[in-house]
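Got a structure here, written out as structure tokens. Questions coming.
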Amino acid sequence: MNSLHAQLLQLAIATPLVAALIIAGGLPKRFAVKLAGVAFVVPALIAAWLWQQFPAEGGATYHYLSNMDTGLGRFGITLKLGLNGIALPLFLLAATVGLAAGLYALRSGAERLKLYLMLLLIMQGGLLGVFASVDIFFFYFFHELALIPTFIMVGIWGGRDRNYAAMKMTIYLTAGALLSLLGLIAIYVKSGAQSFDLIELKAALAHQGLAPTAQKYIFGLLLFGFGTLVSLWPLHTWAPLGYGAAPSSAAMLHAGVLKKFGLYGLIQIALPLLPAGAQTWAWQLALLAGIGNVLVIGFITLAQRDLKQMLGYSSVMHMGYCFLGISCLSAIGTGGVVLLMVAHGLSVALLFMLATSVHHRTHTFDLAEMGGLAQKTPVLAACFVAGTMASIGLPAFANFWGELAIFVALWKFSPGLTAVAVAGVVISAIYGLRAVARIFFGPPSEHLQQVMAQHPPADLGWGERLPALILLAALLWLGFYPQALSRSIDQALPVGLASVSAGSVTVSPVQP
Amino acid sequence: MIVDLPHYLLLSAVLFVLGFFGVLLRKNTLVIYMCLELMLIAATIALAAFSHFNDTLDGNVFVFFILTIAAAEVAVGLAIIVALFRKRGTVQVEALNHLRH
Amino acid sequence: MANLLFYFFASLALVSAVLVVVSKNPVNAALGLLLSLVGVAGLFVLLNAALLAFVLLLVYAGAVVALFLFIIMLLDTRPEQQKPFQRMTLIAATLGGALLVVGVLSLNQRAVLTVGGAPGTGPTLKHYAEQLFTTYLLPVQLVGFLLLIAMLGVIVLSKKSDQAEEGS
Amino acid sequence: MTTDYLKSVAESNQWWALGPEIMLACAALGLLVMEIILPKKDHRFIPFVAIVAQAMVLLTVILNFQTIWLGENLFGGLIKLSPWGQVARVFFLVSSLLVSFLGTICLPRTKLPRVEFYHIVMVVTAAMMLLVHSNHFVMFFVALETVTIGFYILVSYFRDNALTLEAGLKYLVLGALSSAIMLFGIVLLYGAVGKVSLNGITHTGFEFEVLHDFLRHHPDNFLAIAGALLVVGGVAFKIGAFPFQIWIPDVYQGAPTPVTAFLAVSSKAAGFAVLLTLVNQVFTPLAGVLVPVLSLLAAATIIMGNLAALTQRNTKRLMGLSGISHAGYLLIGVVASFTVPWATSAVWFYLCTYLLASMAVFGVMAYLTGPDDTDQTLDHYEHLAKQHPFLGGVLAVGVGSLAGIPPLAGFMGKLLLFIVAFQAELYPLLAIAIGGVVLSIYYYFGWIKSAYFEAWRPAATAPTAAPQFAITIPSLGGKLILGLLALATLLLGCYPGPLSHWLPF
């Protein structure tokens, strides 16, 4: 039974990649679109099935393990796949957002649609691979596989400044990825395990961890490497620019899922393997994230006039909460981060998608020009409002539980920073609600009135409505029933952290 | 004072340095090429001296090879210089600055 | 006597080498090279390598310097104008030269020279032949190929364009 | 000299051991003969004969990969076959095959003699193979000079172009200078060792084993250290390491494109093969001096190469300057090989990935060059992806692999080098290498960008005055070869197993 599931896991990763290959082989456009649709649906179904089958008390260990030789066995590199309690939610996230982004792309009518779908499929395959990899070499490998199409998509289908944006993204993200690669190699070399296999690395370092100085440096490498990928202040400048220019599906997948790679790496690899290193960096990280990401970026977001730029900055800001949660070094905080990662991934993907839908109807991203869309497109307005509320962290949406857990952990760590974080929520409420008000209510500018008179805006069609509903449903479901994921997350949290917050409440809140 | 290995070595080194200076400072490619030959010859003096004072023949044999190679190098080098002269009408180093971007 | 001869040949080689490096007229430089070679050939004789001296004069003085002179006449280059050196060239030359001088000095000061036994009588032609056709047979063959490609190269580089193969 | 000795020398002259080199040389001679006896209209077949002959030699080497002469001193100690030498043979043959293929694209555009080109390429390749096998400095120098003189001719081969001749002259002067410096180093080493008598046979410092033995007992002999440094300096010129990198951009730009590829791949690989042999088998006891020197060289090379490449728009110069930085990364592997034995494998793996990627890129460049071979800038690549998706794809794979982007082979090469550097604890060098890779992303990405992104401007802004350049349409064979190169690059990145099994790790 387990081997069947392992094969299903492999199948989920292989389907989009094989589909991309087939499309690259010159499939006619009509079939290519259908094939792509199937290739987005299959992983989502498999992910749901694997989640459903996941053992209730088995979050701590890896399941569905499979191992494939790569010819680099002598370096301890094998394609080892599996899911544990932390990987499972993110795998689900990747499958869900991938499905939504894929469905949206199918109907987007982009120029050169075949190439667009092909790149998106490669990205999807890479994303699924990232979170299913037990081998940290392939963890990195799949990340790059998903990253390269992003650059190309920004470069080809991007909006304003796409060349500059693609260039800047490429350099920042490659630099970050290389730094983290160095950190991973350092772990490999220093651990003496002769293996990139995370399970074996954990076993090797369980008896005797690395020397504290080594841990300090390696954690620093990983922190700033991964930090760049997750847009840790002040290494974030690529993010608003890149998301501003990226086509919607690419932005959905990158901001929603790929960006979580860095946080996932910190939680899954850096925290359990380098506990002493985490201790030495905790305060620096907390200050950077708290002051930089939450406050500074919060105020910058307030000043944005461009909808997509605003979303980009707000995504940078929300990453601040995740970093704050990690810097608490407690089980509850880290668990909250995982939950928030999933929730934020869903909500930011929803918002990026709807922002493009708004653009289709108004032909502008300028908030000052817009207005009055609520009467003409009520469904779009409702979805956008829901997405904004989720993003702010209102109850009933998944984000709420994640942020709540982080705040609880943060209170123990530093009440001052908790105040900063709460202030951040207020800031995000201000800009979020202001944007909703500007877009959907109040009078539009005269120019926009003319445009809308010529092309009366239609409400969300099914091509847009279906992905939006999928994402929204997931957000709401997790908002009312976070145990669906939080139990397995709790079980998988690093053992070392549990002792820090021994006896603390679990992430699972009271039953709704 | 008996002339010994160090004398030959010093002579060879000084000749080598002279040739090196010539390569760096001269502007006429033909003269530069002569200076390069001077450097090779300097090396052969040291080689022959080592060979003589250590009583091994290999160094002397190596001189044979070096002389042959140097002759071939001169032939090819002069052919290139002449071909370039036909195109540019000069053999001065300053003229070699067209490859720039 | 041998000492005197050494100093004579050495100074001949050195002074004419300086002439190569400083003379403005390439013809003078070539003649300097020729004199320098004569000095070196004399040194070879002192080093019991008369055959090498002979080959040196034959190949270098007879062929190489003649070739140089021939080319100089052919190209009819004017004597070099004395242009101020570029600053970078001067700095590089000074640095390189200083390094080399230091190297040369320390070479003579610090080198531990191993001298194995008394120099025997000079090798004869037979010795060279034995070496070249037994131990060093492979390099000899290779040098043959080297000369062949050098010859081909000269032909390729100097053949008149109209004689070249037409594109087929 | 007794008859017995002569007999033993004759017996050690195992010509069969050098079968591939001899076959190659004979084939090269055969080409000249064919040129003489064949009627002029049949001369166009000669390049294909050359390619087939090289393929046959390659096949012979692969079939006899485990020859019985491995590790034995042949030719009285002049030659020693090693597993790495076998890898080098295959490497050089593959490279020369591809260079000959590039020659069939570029040479017909000129009215120049053609057969000589293939002849010289083959002789130079054979000399490189001997160079890597040589175990004796006389052999070493003769082989090296054969290679060098061959390259003088090849670099200035397009003699109708003044820029090519200028590049040839530059290469000539600097190459001869480096040869002289290296020669002086060899002489000093010879002098330092003096005369060694073993079992009644006289040995000298030309022999690698004898020299190594001497250095082990006298690691602080000044003469020997000076000699070793001069020899390493001479090799540093061949690989284009700092401060001997100045010739690279000019010569790469001026040389005919196939020759540029030959220089970039074979010459560089030969330099590294020699450097690895010298460092690991001869100069090992001088690690105290060589490690700092080589480390500084590596750091400076990476920095210089990448910084200079940043603003480069001429693609041949760009390949040269970025090639300098690749030499820098490889030097890290050489430094690491003092302490981590398998670093040699990592360097060779990197070289193999470099061969595949560079040849793919040079192949595309060969198809894109117009009548003037020296002038090819990034502007020529606009519209490439749209008009010639195949060439665009090959270019993207090649450039991406050079930049080290997974899942392409170049990434695996860099990864192995980084692991090696980590095991050797070369942290400062690693930091510099990472910085270099990030910089290199900038200019490689610029290349991809000009091939892909500019062309797909929205239709409204389409009418650009980008000049159109003649693109030779690849023949079926050309497509096949370029496609194979790209495919191999991709497969090796995803599944590096075959090559890593094949290399003697």
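Letters A, B, C and D mark the chains as written, and numbering starts fresh at 1 in each.
As a working rule, a contact is a pair of C-beta atoms (placed from the backbone, for glycine too) under 8 Å apart; a residue touches a chain by one contact, two chains touch by 3 or more.
Model, not experiment: these values are computed from the prediction.
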### Chain pair with the greatest number of C-beta contact pairs
B-C
### Distance between the centres, which are taken as Cα means, of subunit C and subunit B, whole angstrom
5
### Query
If you average the CA atoms of subunit A and of subunit C, how many Å lie between those two points?
70
### Message
Counting only Cα atoms for the centres, state how far subunit C is from subunit D in Å.
### Response
29
### Task
Between subunit A and subunit B, tell me the centre distance in angstrom, where each centre is the average of that chain's C-alpha atoms.
65
### Query
Mind pulling the subunit A residues that touch 2 or more other chains?
none
### Task
Could you check subunit D for residues that touch two or more other chains and list them?
138, 142, 145, 149, 152-153, 156, 159, 188, 191, 194-195
### Task
Mind pulling the residue numbers of subunit B that touch at least two other chains?
9, 16, 19-20, 33, 49, 54-56, 58, 61, 65, 69, 72-73, 76, 80-81, 83
### Message
Taking the top-of-page definition of touch, could you list the pairs of chains it picks out?
### Response
A-D, B-C, B-D, C-D
### Footprint of subunit D on subunit B - complex, ascending
9, 16, 19-20, 23, 29, 32-33, 36, 39-40, 42-43, 46-47, 49-50, 54-56, 58-59, 61-62, 65-66, 69, 72-73, 76-77, 80-81, 83-84, 87-88, 96, 98-99, 101
### Message
Under the definition above, what is the set of subunit B residues touching subunit C in their complex?
### Response
1-3, 5-11, 13-22, 24-28, 30-31, 33-35, 37-38, 41, 44-45, 48-49, 51-58, 60-61, 63-65, 67-76, 78-83, 85, 90-92, 94
### Query
Tell me, which parts of subunit D touch subunit C in their complex?
1, 6, 9-10, 13, 18, 25, 32, 40-41, 43-44, 75-76, 78-79, 108-114, 116, 119-120, 123-124, 126-127, 130, 138-139, 142-143, 145-146, 149-150, 152-153, 156-157, 159-160, 188, 191-195, 218, 221-223, 226
### subunit D partner contacts - residues on subunit C that touch it in the complex
103, 106-107, 110-117, 127, 130, 134-139, 142-143, 145-146, 148-150, 152-153, 155-157, 159, 161, 164-168
## Note on the structure
Counting only contacts in the complex, subunit A reaches subunit D at residues 69-72, 74-75, 111-112, 137, 140-141, 144-145, 148, 151-152, 155-156, 162-163, 166-167, 170-171, 174-175, 178-179, 181-182, 185-186, 188-189
